Amino acid sequence: MSSVAQVRTALRTALHGVTGSPVTSLVAAGTIGLCLLLVGAFMLLVSNMDRLLDRFGSEIRVSAYLSEELDAPSQQELVARVETAPGVESVELVTKEQALERFRDAQGERAALLDGLEENPLPASLEIALVPEQRNQAGLRVLGEALEGLPGIAELGYGHEWIEGYQQAVALIRGVAFAIGGVLGLATLLIVANTIRLSIYARREEIEIVRLVGGSRSFMAAPFLLEGGAQGIVGGGVGVLLLYGFYWILLPSLRGGLELLLGYAEPAFLGLDESLWLVTAGALLGVLGSALALIQDGDRA
Amino acid sequence: MSRGEGPVVSAGALVRLFHVSKSYLAGSWALRDVSLELEKGEFVFLTGPSGAGKSTLMRLIFAGEQPSEGQILVLGRNVGRVGPAGIAPLRRRIGVVFQDFKLLPRRTVEENVGIALDVVGVAEREKRARVFAMLKRVGLHHRRHHHPLSLSGGEQQRLAIARALINDPEILLADEPTGNLDPDLTLEIMDLIADAAARGTAVFVATHDHALIERYGRRVVRLEAGEVVHDAPVRGPLS
Amino acid sequence: MSSVAQVRTALRTALHGVTGSPVTSLVAAGTIGLCLLLVGAFMLLVSNMDRLLDRFGSEIRVSAYLSEELDAPSQQELVARVETAPGVESVELVTKEQALERFRDAQGERAALLDGLEENPLPASLEIALVPEQRNQAGLRVLGEALEGLPGIAELGYGHEWIEGYQQAVALIRGVAFAIGGVLGLATLLIVANTIRLSIYARREEIEIVRLVGGSRSFMAAPFLLEGGAQGIVGGGVGVLLLYGFYWILLPSLRGGLELLLGYAEPAFLGLDESLWLVTAGALLGVLGSALALIQDGDRA
Amino acid sequence: MSRGEGPVVSAGALVRLFHVSKSYLAGSWALRDVSLELEKGEFVFLTGPSGAGKSTLMRLIFAGEQPSEGQILVLGRNVGRVGPAGIAPLRRRIGVVFQDFKLLPRRTVEENVGIALDVVGVAEREKRARVFAMLKRVGLHHRRHHHPLSLSGGEQQRLAIARALINDPEILLADEPTGNLDPDLTLEIMDLIADAAARGTAVFVATHDHALIERYGRRVVRLEAGEVVHDAPVRGPLS
């Protein structure tokens, strides 16, 4: 039997499976779709949380306090040199006056306290932002070593606690996401396998008959695998579309809340690649689920 | 009923049972020490009361069950040893009319017959022509796009016969193939089966219909409680 | 037919359904279990987040700055009076010295700035914590009105921004939880209904035969409803147990992360009532799913 | 074949068809203008070629299908008007042997028979005794704990007959009830059915077995292409 003919027969049989028992096929595709909707919603949440963390992380800065004697041109020169240091994203010069102004602003209603000062005790500083990959203890150490030898830098302010908290927050959130994602993924796999198993179980008689008239194992299995794959693709597509629907419905209120809370609101939907990934996952789930079901139940048929 | 103690291979024997017993439930025997041969082109009636083991005998031949004891050679293969992968190729050379028809409820009449050609990989166009010709012979061509559940009992039975015959099998096992047919149709269908035998198919027909047996006057194997109590050759050299 | 006999027959038939097609029954129960595991995991997350928010909320305080002329006994008297004001949970007196000390601590490495001060410009104050229900704008207003007339209070510091942010965080988190919970709940309902529908579909022949021998609709349906309920209870129980298992496996790392990040780590499992609620939800899902499937497919049988 | 143009109620008529037609597919008639009556205790053979409409006629009587035209009165009710809720009570008074048996594959032999008593609410103890007695009469009491799929074709058929008879139905519809039975068993089973008729059950037996019809010599209704071509009364007053 030519393989082209084999594929054609399998395709035709798979089509019959779908049209012959639409309930079963739709139910299986629907279940895959719902599961992938959940997985997708979770991915969406995690990816947006990640972007949020990234934004928070961009506020991690190292302060390099400058010696009092450094004049303005030397300060500018220093900025240029620090900008080329490893892991540095941007450098901002904060003069003595700007430093006092900021401090005053931060005190709010207690700013009057500072009126008693005779002179400005705050030093000028460089606010150094790190590239995202370096926003951790190791990155700080590397930067510290690079700045060590530079003349005109009196002291480095690392904001250790802040960066430690940030790192831990990232680790915790990623950990929880990983755990929940694992449970969700496993549950999805099992639910889909179960559903397809039931749908194959509903057609066990058919399988038995095909075997009785001399259909080989692959002849019997191929249409189910194809059908599973098709259900998975349809389910995945439906899941992505549903997710998109929910996203657009919920977006306005979400955006409002985020803006008020964080002064920042650019929630983003999954990218094209992630959406395709979901559909592919659906297809794989469908094929795998069918294969599992056939292996488990086929032995008895 | 054998020619000697050991299994003697006769050139044309397509089916050979050698001291075969089958027990589904411990302590009771559906078949007991059955030995027989079926040669190319031979037409044998299998008869006996309800529960005598007729269907069991057929199931053993197409490897639907494994024997509890004894050896079965079908088309030169020992069915006890071909393994799961070897069963499908064997079955493609055997046509079976099941007592309960075993039709695919969600495929059309045409597709139910065509599946027997699909499994051997006959091309689409040839398949269609052969299926139509066969359906015409059993009088179902006008129903070819319908589903089996919308057929009458006798129509379903004819469909089952069409599927068994479509592939020009080397062996035909027909389990009570005319139980739902009226006398006229019965004769038409039996002629179809006799034709196959004339073309070389070894035919095994289980039936309760004594009129039929008398009319055709072939070899009759009679089972009772799993044992062969009678094996009267009309043609062929056995016992 | 007596109703006792009816129930007995239905129970026996339901049992047959389970023992007669264990694959189907186990698969349905397993799917319900997995779905409820997801719902339960979500409930767990939300309830712990709620407790966390509550803890943050307990740090919402109103500062009542006292006039300079108030002496210590009058201050104590004021504390006693404020403690009886509506919505007040606790009152803490912060003297001028304590206030300066706290301010100095908060400045960290810049504390030296304050050495230039001749006298302590900070007033004594009462730090007033609100009961949880009153930690919002309305509660603040009520408290403000109550403190208005009290002598010795110079000014109220509400910490508006903080409480507004808190309120918005609570609203946002609850909103997101509500949205996700809604999607999850709907998906669960549909998945379970689908699964049971498939399992009933696999037995449609049986249903048809029972109808053909004169079984009434309720005679036919009762065992399926019972079976659905039983599957739901088993599934719900399995879901809660799995959730508990995952919880205990993940607890240590979760606790460590929370402690480092928030200085606070008392994650709690669902209470007995919530666990029972999940099992009950499982039973309801099972019965409802069966009923839905019977209504949809029964018309054709 | 009626006594006048309108439906005349005869006291003992349990089944009355009045100008009934049935078409499954537009343009073809499975039954065409059939009118007949079946009285209490009457025993009627229904015969005709495959696809003539015998099973269809039975399906109409137990409300498995609705007629396309005409009226059907069963046990005093118009089956076209009883509605879904009224069908179950009606069916409990009718025993049916289906051509394809329609056994519950996942229940035991005993339970398959018992279900007909379950639906009317017979108490457990009485049920068990009656089921055992009935299984004994059809020779299946030793298989009562097994599943139908492990029975031979003839055994399944006897099980179907036992289920149809267990409830002493007022009407018995038996569709080809002996197609899978050997001649001896056929007579035993037919005697069982004749007994029921003697106790007052109106019996309708579809069969292709002319020997049987001759042996019993009752009223024979012959269908061809959906029309009654012959209705020979042996007992009873009908045309």
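Order of writing sets the chain letters: A, B, C and D. Residues in each chain are counted from 1.
We adopt the following convention: contacts are C-beta pairs under 8 Å (C-beta built on N, C-alpha and C of every residue); 3 or more make two chains touch, one makes a residue touch a chain.
All figures in this text were calculated on a predicted structure; none of them were measured in a lab.
Undergrad: Where the CA atoms of chain A average out and where those of chain C average out, how many Å apart are those spots?
TA: About 25 Å, centre to centre.
Undergrad: What whole-number Å value describes the gap between the mean CA coordinates of chain B and chain C?
TA: Going by mean C-alpha positions, chain B sits 67 Å from chain C.
Undergrad: Could you please state the distance in Å, as a whole number, between where the Cα atoms of chain C are centred and where those of chain D are centred?
TA: Computed from C-alpha means, the inter-chain centre distance equals 62 Å.
Undergrad: Just say which it is for the chain contacts: an open line, a closed ring, a star, complete, or other.
TA: ring
Undergrad: Going by the touch rule stated at the top, which chains touch which?
TA: A-B, A-C, B-D, C-D
Undergrad: Quick one: which bits of chain C touch chain A in the complex? Just the residue numbers, please.
TA: 23-24, 27-28, 30-31, 34-35, 37-38, 41, 45, 103, 109-110, 112-114, 116-118, 121-122, 157, 164-165, 168-169, 171-172, 175-176, 179-180, 183-184, 187, 190-191, 194-195, 197-199, 201-202, 246, 250, 253-254, 257-258, 260-261, 297
Undergrad: Could you please specify the touching residues of chain C with respect to chain D in the complex?
TA: Going through chain C, the ones touching chain D are 1-2, 5-6, 8-9, 13, 16, 20-21, 205-206, 208-217, 219.
Undergrad: Using the touch rule from the top, collect the residues of chain D that touch chain B in their complex.
TA: Those residues of chain D that touch chain B are 24, 47-51, 54-56, 99-100, 150, 152-155, 157-158, 175-176, 179-186, 208, 210-211.
Undergrad: If we count contacts the way the header does, which residues on chain D are in touch with chain C in the complex?
TA: The contact residues of chain D facing chain C are 62, 64, 84-85, 88-94, 96, 98, 102-107, 111, 115-116, 118-121, 123-124, 163.
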